[in-house]
Every structure is written in structure tokens, then in C-alpha cells.
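Chain IDs A, B and C follow the sequence of writing; residue 1 opens each chain.
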Amino acid sequence: MPSGLITLTTDFGQADHFVGVMKGVILGIAPRARIVDITHEIAPYSVTDASFVVGQAWRYFPKGTIHVVVVDPGVGTSRRPLLAEAGGHFFVAPDNGVLSMIYEDSPHKVRVISNPKLMRKQISRTFHGRDVFAPASAHLASGIAPPQFGKLIRDYVRSWNTKPLHLAEQVWRGTILSVDRYGNLITNFQIDEFAGVKTRPFEMRAGTVRIRRLALNYAETEIGELFVIAGSSGYLEIAANQASAASRLGCSAGAAIELELF
Amino acid sequence: MPSGLITLTTDFGQADHFVGVMKGVILGIAPRARIVDITHEIAPYSVTDASFVVGQAWRYFPKGTIHVVVVDPGVGTSRRPLLAEAGGHFFVAPDNGVLSMIYEDSPHKVRVISNPKLMRKQISRTFHGRDVFAPASAHLASGIAPPQFGKLIRDYVRSWNTKPLHLAEQVWRGTILSVDRYGNLITNFQIDEFAGVKTRPFEMRAGTVRIRRLALNYAETEIGELFVIAGSSGYLEIAANQASAASRLGCSAGAAIELELF
Amino acid sequence: MPSGLITLTTDFGQADHFVGVMKGVILGIAPRARIVDITHEIAPYSVTDASFVVGQAWRYFPKGTIHVVVVDPGVGTSRRPLLAEAGGHFFVAPDNGVLSMIYEDSPHKVRVISNPKLMRKQISRTFHGRDVFAPASAHLASGIAPPQFGKLIRDYVRSWNTKPLHLAEQVWRGTILSVDRYGNLITNFQIDEFAGVKTRPFEMRAGTVRIRRLALNYAETEIGELFVIAGSSGYLEIAANQASAASRLGCSAGAAIELELF
């Protein structure tokens, strides 16, 4: 059952009225809902960034939480609004792949939101956060059952598999999923799958730079040194002690990297 | 009746202690109040920006909501603190015109806040958010009736009318109300009043640039193309697909624009 | 007794998943907790900044509030997690001096958090906000008594005394505690101790600049003028009317200044 807890993840920033308007719409429909901001600082239009952030955060919330994700470059086109259920949580988002990491993690059911009674009467062409997604989350929090929103679908958008590609015997090509505030590069090499880096020599290659050091924590490294670390996100990360690995390597989200085990 | 819901709109930013202090003061007086951030990223001292943001957001909240707006370049002078009522909502703000768009939208009553028992004992000269506005909102949420705060006044500050000026038969001079995160320029041409742009050729002029295209959504335009769109705010906006119209035109809030219908 | 109110102060920024994850962990353990953001925009790794911000904000919250402070350059090393009690409030933070201003203000008790049952099962080396501090605050909010967390200690880290140094008869050397959003420089000269500036001529020296004006409010000064003002924080501040004193003086937190009374 949906609880009254609603999280928000958007690329609206915090300087404009958009987030405040969404909160107002939610509380107008579900006055007892509790709204928790995950972030509104997703890079504008970056479905990949949002997919990573919500993919990291959702599982820590209690079951029944409703996660609203509005990063929506296709707003105003025919892209569909979705209500997904996975792992006992609920997700309200546009059908553009932004829920891909949730689909990967858990069995899931996905519906198209098509019931106009659960939207605002007038639907603008540019602000479905206000007109479609906020009302859907609030009606869900108020006890409207998921089947009331619309039909189950199977042809929702999923991003291409973000797993590393096996290039040769002990060589994989991966990618940078995200760059955090500290300039750490979060790769798509899952720690559990590539545990070999903990026991064997390895080389992580990003552009012309080669990194061979695995550190257990920042404090054991030199200031400015580049190293690989088993990040809190469950992925290998490239970091630099009190410096930005992203700046040092000139890398951002989407960049290719290689891992070789020896 | 005021509900326990209090929204905050300030230019304090989010890096300092100011917002946390205001929240602490509110919860110290009204422990069950529910605080919702609209934004703390109003451009410093920009009464115009704050007026637009709160003018957009307030109506979406449930009746009884208390909206605290602290953008206050005159703090420490004799400018008065206000408690306004409009449309079933409450507003606590300095008397500097920041509530102008609310006054325009709805019949309203405005009081000066003068009762020292509803302020902190010591009033600093620089932080009335903490000493005057937060306590007022919290006492209101706790059930203190508006007349307890102070007398009704009629000489509160209102900004000059922000409606477009009629220059010639089919020509109006308007202004940019706000620039959003995406660089969209929100004009003061209300869609309902200037619906002619939907059916007739028109020209929107900003500096040396002339725009003749009305788009229904971003997706139908070319990347980088400038166009006019009926924005979600109820005003015509100048936008560019995945680019900043503000940068393209070198325009910011307050800039003059012209609209001609043919 | 701890109330269900939990404040968060971190250097995680708001673009990443870190803050959302901490909120999820708290609400997973204590579903009725009420979470209030103080700030997540502490300068990365700046224990001094965080110490000032939480030192300013905590006293305004109601007794029983739990303040979580995660600015933690030593994460993954042997630095200890702490649960402190002071002035009827609770503080959960790393043992790196970030609570120094609270220790200065109030009698206090400090415990090391060592009970693994009150942490997440797996403790990462880089994200104790999620694995140690968020769970501790949530268990405390749920009614677990402080002695369950670990033993009282006396050898916790306190920063060197941040009081001004008496250099000569009427001359003191102080320091900049913090620079706020407006570029105001908050000194460590407490207004009550240096009330002489209100009645006697004085000179505040920062680099090569000498300031002799005390203003009561911004409005009485010229635009751009540098002056000293009795700040809302209880300290003397160096400010400039609608300009950044920090830029004008080239000063940031930690810079030395001198005060002479005549």
C-alpha cells in the first residue's frame, strides 16, 4: 500500500517556482502527504543522471514510498506518463528510461497513466510535473488504487544495458555513470562482480591515464593522488584525495573507461 | 483559518545558517507546523523575482497556508512588516511590493505587524526573518487571530502595474518578468489576453531579434531555435530548444520587449 | 527526551543521491521522524564552516531536537562517531571538532557511538552519513536511550579556542569565522565583549584596508561602502552595502583581522 511519503527528484533547480508549485499541488490533493526532496539539481534534461540518483536512493526509503521523478525532455510530445511498482515502492515518471535502474533491480509492473480524473483539468504542454505527475502521486497517496490510473504496459522505454562490455580475456569496457559533488567518477563496474581488483593487480584506464591503486579510504592516499575505491554506491569509483578526479581526467558522465585484471 | 502549513521563500541561499535558524524559530513556537521550502534562491535583494515566484506558487497550496516571503533590502529601516490575507491564504512579508502579484490576483486585507508580543524579544537590525517574520508565521499557525498582529492599512507598497503598455493599434510594449533555470524568458503578456498570437501572424521583438514562431512544444522545434510558447505560468514565454533564450538574446528580468500582431 | 525532529547539516550538496539516501535511512527506521534541512552546502570538507552554521542554528530549535552534522574528511579512518548532549539538544557527528561551538556554549556530555546494532549491518568506508550517523539519529528519535549507543568520553576533539587574541592594551587579533551569501565577513569578535565599538572610535583592519565606521543598518550606508555592523549572529561583521565585503577585501574564512579601540 502506498504510504503518505512522497519523494521528489527533478531537474527544475531550486531558484524557480516549479518545485513549490508541485508541492502545492500535492498538498492540495493530499494534505497529510509528507514530501521529501531527493534532489532538484539533476543536470537539465539528463535522464541518465536522474536514473542513477533515484536508482541509488529509492531502496533506502520505507516500503510504500512514492517516488516522483520529473526529468522530461519530451514533455508535450506523445511520451507517456507512467506509474510503476517495484520492490514494494511506487514510481511516477515520464516513459523515457529514467526508471531503468529500478527495472534492473527488481521485478516490476508498469502502467500508463491515462485517467484524466487523476490529472489537473487543464494539461499544459510544458509542465507535466504540475499537471500530471504531482496529482498522480497525491491521488496514489490518498488511496486511489494503481489500476485506476491506467492499463499495464510492457513496451515502456528501458535504456540499453549499462553493464560493462567484455572486450577480451581480462579486459572490460565500462562507462562513467555519474560524477558526484567531489568530482568522484562512479563507474558501472559493480564491486561484487569485479571483486578481483581487491586481490589482483589491475589497471583502470581513462583517456591516457592509468590507475593501478585501490585505496580503502581517502586518508591513506596522498593529497591529489588518483585511485580506485569501492564506493558506497556499490560500484568502483575513481577518486582523488581532496581533489576532483573528473577535472584531473577531463571525464564526465557517459565517458568510456577500461578495466584490465592481471 | 490558518492551517499548520508554512511555506518559505527567501533570498538567503542554502549555504548559510539563516534558513535553518528560521525553521528552528518556527518549530520552537509551533512544534507541529509543517514547513515547505518554495525557494531560498531568489536573486539577492530581488523583490521582483520573489514577487513572481510567490505569485506563481501560492494558489496551488491548500487554503489556510501561510506564505512567508523574506526578500528585504530595507531591513533595519522603517519599512513595515505585513500580514496579508488573500484568497483564503496568509502572507507574511516586508512592505516593499513583494506581494504585488497577490494583490493583483485577489481581493485582500493587509495589516501591519506591530504587536511586540508576537516577535522575538530582541529585534536585530539585519535579520527580521528570524526576529519578526518567522515568529509571526508560527504564532499565526498556532491560532493567534490576524487582528492580534496589528491594524489594517491601505497604504502598503504595490509595484507599478506590470501589464503591457499599449503603444499603437496592434503594438504593445511588455517586459520580462523572470528568467527560469532553462533560460526561458517569461514575459508579462498573459496568454488569455494575447490569444491572437495563436491564430494570427505576429512578431515578438527583443533587442535586434525578431521572433515570429509560436511553438506548441519544444519537441517540434529545432535544437537552438528561438520561439514563443504559451508557458505553464499563464504568460507567453520566449524559449530556445535545449538552449538558453536569455543568453541568445542577452536579456534578463526587467528587459523591455515588443509584441505586434498583424 | 529526543523529539522526532531531526536536522541535517552536511557538505554533500544537493545534486547527488547522498542526502536522499540519508533521509530514506532515517525514515526507514523512524517513519514518523520529521526531517529539517539546515544546509547541505557546507564548503566540502570544511569542519570550520559546519561548526559555525550548526553553532548558530541549533539553539533556535525546540529542546529534544536531534542535529546530525556530517562533514567528515576523516571518514574511513579511526576517527570516532559521537553522540553529544548539550542544552537539552542531541548531536550526532564525527569526532573532528565540528561540535566545538556547541561545546563552548553549553555544559555537555559526549559519547562514542560504538553499538553495532544501532548502525547499518555493512559499514562502508566512505559514507558514514548513511551507515552510522543517519541510523544513530533515527534510533535516538525512536526512543533508544543515549547510554545504549556507547560510553561517555572526555578526549573528544575540540578546535583551538576561536576567541580573539589580546595583542596590546586596546588591540586584538581575531579571525573570520564565516563568509555568508552576501559576502559579509563574520568575525569572532562577540558584540557583547567588544561593545566599545558602539561608543568609542575604533579601527578594524583587514589586510591593507582600515574600517572605522559602525553602521546600524545597511540603508544608512552608501552603496558599495565598507562598514562594521553588529550582526544578527551575535558577532561583529564586516559588510558592504549591496556588495561583497569578501571580494572587496579578498578575505575568506580563517583570515586574520585586527581590532583597535581608541
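In this text, a residue touches a chain if its C-beta (ideal position, glycine included) is under 8 Å from a C-beta of that chain, and two chains touch if they have at least 3 such contacts.
The structure presented is a predicted model; accordingly, all values stated were derived computationally and were not measured.
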Contact graph of the chains (line, ring, star, complete, other): complete
Turning angle required so that chain A lies on chain C, C-alpha fit (0 to 180°, nearest 5): 120
Distance between chain centroids, defined by C-alpha means - chain B, chain C (Å): 31
Residues within chain A bordering two or more other chains: 14, 37
Contact footprint of chain C on chain A as seen in their complex: 3, 5, 7, 9, 14, 36-43, 52-54, 56-62, 65, 178, 180-182, 216-219, 229-233, 242
Interfacial residue positions of chain B with respect to chain C in the complex: 12-21, 23-25, 27-28, 31, 35, 37, 44-45, 73-77, 124-127, 130-131
